[in-house]
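Presented sequentially are two complexes of chain A, the first with chain B as partner and the second with chain C.
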Partner chain A sequence: MNSKGKKNYWLITIATWLLIFVAWQIATSFRMVPEILLPSPEKVVSTFVKLSEYGYNGIPLWQHFLITMARLLSAVFLAIVTAIPLGLISGRIKIVYSIFDSIIQFIRPIPPLAYYTILILWVGIGETSKVVLLYLAAFAPIYLACISGVNRVKDDYIKSAESLGASSKQVFFHVIFPSALPDIFTGIRTAVGMAYTTVVAAEMVAATYGIGWMIINASKYLKSDVMFVGIIILGITGVVLDQILKYIERKIVFWSGR
Partner chain B sequence: MEKIIEVKDLTLTYENDDKPTLNSLNLDIERGEIVTVIGKSGCGKSTLLNTIAGYLEPTSGEVLLNGEPVSGPNWKLGVVFQNNALYPWLNVADNIGFGLKMRHFDKETIDKRVTTLLEQVQLTDKRKDYVFSLSGGMRQRVAIARALANQPQLVMFDESFGALDEFTRNDIHDVILGLWKSLNLTFFIITHDIDEAIKLGNRIMIMTPDKTSQLKVVQNPYFNINSDNIDSNYMKFKNSILKQII
Partner chain C sequence: MKKIVKLLTLLVVFLLLSGCTSSTNDKKTTEVRIGILQVPNDVAASRQLKYISNYFDQEHIKVKYIIFDSGVDANKALISGDIDFATMGDTNAVVALTSKIDAKLVWVNDVLGNNEGLVVRNGSGIKDFDDLAGQKIATPFASTSHYSLMMTLKKHHLLNKVSLLDMDTQDIVAAWNRGDISAAYTWQPTLTPMLKNGHFLITSENLRDQNRITANVTLVRGGFERKNPKLVSGLLQQLNKAHIEMQKDPNITIKAASKQMDLSYSEAKSQIGTSKWLTSKQMVDDKFLSETFPEQLYITGKFMSQQQTIDHAPSKKEINDFIADKYVNELGDD
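Up next, the complex of A and B:
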């Protein structure tokens, strides 16, 4: 995108959000929608301020936020350190692929809530079950991206490394791994998205804090303003996380697509 | 002359193929010569190169490098690919020094050799540039320098200049001939361009799909010809090659 195109893109994006905000303001000011279904922007802002000051259910809002992020990021971190090596090896060694791929393909389409109760029975009601649930959601996208990355490594890259004197191990670490990095990053971004959408589910059962729990808890008492605060926090954090990942990707995989 | 490569009764049949792609093929490459191989697409030129380079295992027969069988890819046999196969995550200097690094040479030796090669391919000022920022011709020079960094016995080119425009290709030809003269190298060049085969080859090998006699060797009186010296005899020579290919 050239600089003019970029400027237009941002103008259209800002205009879209302004339009959404104005429509929200009008709908609530003229009471077109009951407040219990759609609280006004002022109400949401004042609830946010109140939650920031006094917290929700005795726990400060930042603590709810941090625990959700801690669950999410620890699960994604675990998925990265396990799925990348396993995915790369599976992409390279057919026997490893035969062992793991069918298991991961079996788990991948199952909605996380379907096995959450089993996980609680297996690993307990505490943090572990929540992190494991998010981990399982994040694992498959990274694993599959690694396999795809390895399969897409140009044959000539490997052949030229071999004819330059590289051993199989050197080919793996100096050619296959960097070559697969663009796909790995795509997998990580997808994984963060998957884990993020699962975080509310993870905090639905047997949790007492977290943004997801706050939304679920507020819904029981029809506190739509609190729900909106939680949803907006999750939305903004999701966008920020994705932008951070995109930034890291641009720095590390600077050659991608060139 | 000392033989670097000896190809003896080389036959290669691909899996699920009933006919061999290479059939009882024999050829020698001597130290210090440039052998060009020309033929139509699909006649087996790249298969021949891949077998000599050790990427493909022959069905029967053998390839000897200095009298020793080639059993796999080997740093003594450098290869320059058509799409150059340079690593975009490395800069020019790191691409050229890649093989030396893999072979655990010390940093000083690598730096020294890279500097010399950059001078030889006239890319000294591009040392720190990433390869994706270079033109096609420059990339191909980096690929040549990378293949030469290991000081291989033979450097093979697999239709390496096919994607370049005519002017850039002429420049690369001059770089190759300059390196060959100054470093006493041995080259094995696969091409589908007859003019290129004539300009670069001390010896031209014509590869035909005819299974009984796949390689016809032609002595080349027009090696390193300047385009200003092209005359009717050159055209006759070129036509005779063309007829043999078809």
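Up next, the complex of A and C:
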């Protein structure tokens, strides 16, 4: 993870993956495990090719993928545009903090699946309940990061700005917001992670497409090869998403960590 | 560092390998685990009438029942070896067959009638099959209901004109009450509350008359069957007793099933509906288990593979190997 990491460590990572792959290959080609429990790598690859070509349940694989991403990103977007302002204000104004913080602290640790059934009763089985579920998962990390970001702004900065005649609005936008930005980004990355881990659960009830739905549907027909394809897609996408966010973070808050 | 990596990989490989050598114990069977559906069927009746417990007591074996919402999870439990018998819809049996689960079909619990059907909401404007176009229809995927619905939709050229929602039976009732769906193909007991403000468009009894039979069947785990063939016949004998009584004097059976499921007599009676409990003699005499039913499984498998829900259509030979009809043949004239 560290950019200063030596080549050696990269080799170890690659070697670990190779070994997992070899163990997988050996276990399946000598038929040590029934195929239904662990499909062979070839089978998973050929299933992936087949799914890309013909789709799953009549819907192309990329559409399953896109709908899952659309649910995820729209929820994260909603969380960003609501949690950042609320978090920043809560960090600055004690009254707002007192109102919202306990509510968010209460919802935060609840596993999303626990209230999903209620969400479905409230807003129905359509897209809304899925996006709301992911939104709730993504909200708290951003909100909390904003508060801690604001609290960490050095008083000196604010005081110097004020003594130079900056209005409270100017202090907020030119001092507090930029100083909190690195924390906000960490919050967003955590939020994407939280929403991402909830995505399969969100597609468990009454969905008709999405990668999470595909995995669940395949499990009903015991198609372990399709389940593996879905899981691997989710794994790779998760890593890629995190890398993209890290890249954006480096571009926007280039001063952070210096 | 390298040592740690080595150790870790060894551990992984070891875990992988040890996970595969399934523990084959030669110990005598002391417990039999039966996966059941939450419906008033032959298992419920012979359980209440103590047929099953009396038999296994005599063999000094404990009986444990595990409830499943559908055959989907029962199949998973069969793979992991957590249950020995499982009652499920025949579509899940086809899934078990094509995914090469080590299990055999030994019994047909009931041939479905109007205890499964397609309900539409009163006043939703759906009067005929063509009106279904553009509607949301819910059904538990992989179930017999799902299959029956797909067959119906195909017949009326509606396959790509409706949106199908995969839901558990309880979720269907919730969505129905909220007004999210105006049609659903499902089974009892969930049909009863829906029929209060809805009506049948078609039932599995109609499909049965059109020679598209669906049924609930019992699978036995391969390992158990090979080790304890006697216990398999023993259990089927108890279930067959319920089937014989159902045809002689249905009142006793229905009453027993209703008691077991905590239902009133009339509820149990309507939940059983027109499903048929064939006796082993009927299964043999009418060549039901040797010809009629395998043919239906063949049609089902072919249809499911066309829908890409299973990866290949089972051949007639695969189906015949899967159905172990020797137990029913033995019971034959009982």
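Throughout what follows, the second predicted complex is superposed on the first by the 252 of 258 C-alpha atoms of A that agree within 3 Å, B and C clash if a C-alpha of one lies under 4 Å from a C-alpha of the other, contacts with A are read in each partner's own complex, and residues count from 1 in each chain.
Throughout what follows, a residue touches a chain if its C-beta (ideal position, glycine included) is under 8 Å from a C-beta of that chain, and two chains touch if they have at least 3 such contacts.
Since this is a predicted model, take the numbers as computed values, not measurements.
Once the two structures are superposed, chain B and chain C can be ranked by residues of chain A touched, with C on top.
Contact with neither chain B nor chain C is seen for A:Ile93 once the two complexes are overlaid on the shared chain.
In the superposed pair of complexes, A:Thr16 makes contact with chain C only, with no contact to chain B.
In the superposition on chain A, contact of A:Val175 is made with chain B only, not with chain C.
In the superposition on chain A, no contact is made by A:Ile248 with either chain B or chain C.
Once the two complexes are overlaid on the shared chain, A:Tyr221 sits against chain C while remaining clear of chain B.
In the superposed pair of complexes, A:Ala166 makes contact with chain B only, with no contact to chain C.
In the superposed model, A:Val33 makes contact with chain C only, not with chain B. With both structures placed on the common chain, the touch criterion links A:Asn57 to chain C but leaves chain B unconnected. The touching residues of chain A, counted against chain C in their complex, run 8, 12, 15-16, 19-20, 23-24, 27, 32-37, 54, 56-58, 120-121, 124-126, 205-208, 217, 219-223.
Chain B contributes residues 53-55, 72-75, 77-79, 81, 83, 85, 87-89, 98-99, 102-103, 130, 132, 146-147, 149-150 to its touches with chain A in the complex.
On the side of chain C, the complex with chain A involves touching residues 1-2, 5, 8-9, 12-13, 16-17, 19-21, 72, 75-76, 79, 95-96, 99-101, 138, 141-142, 160, 163-167, 171, 174-175, 178, 180, 308-311.
Across the complex, chain B is touched by residues 154, 156-157, 159-167, 170, 174-175, 178-179, 181, 253-255, 258 of chain A.
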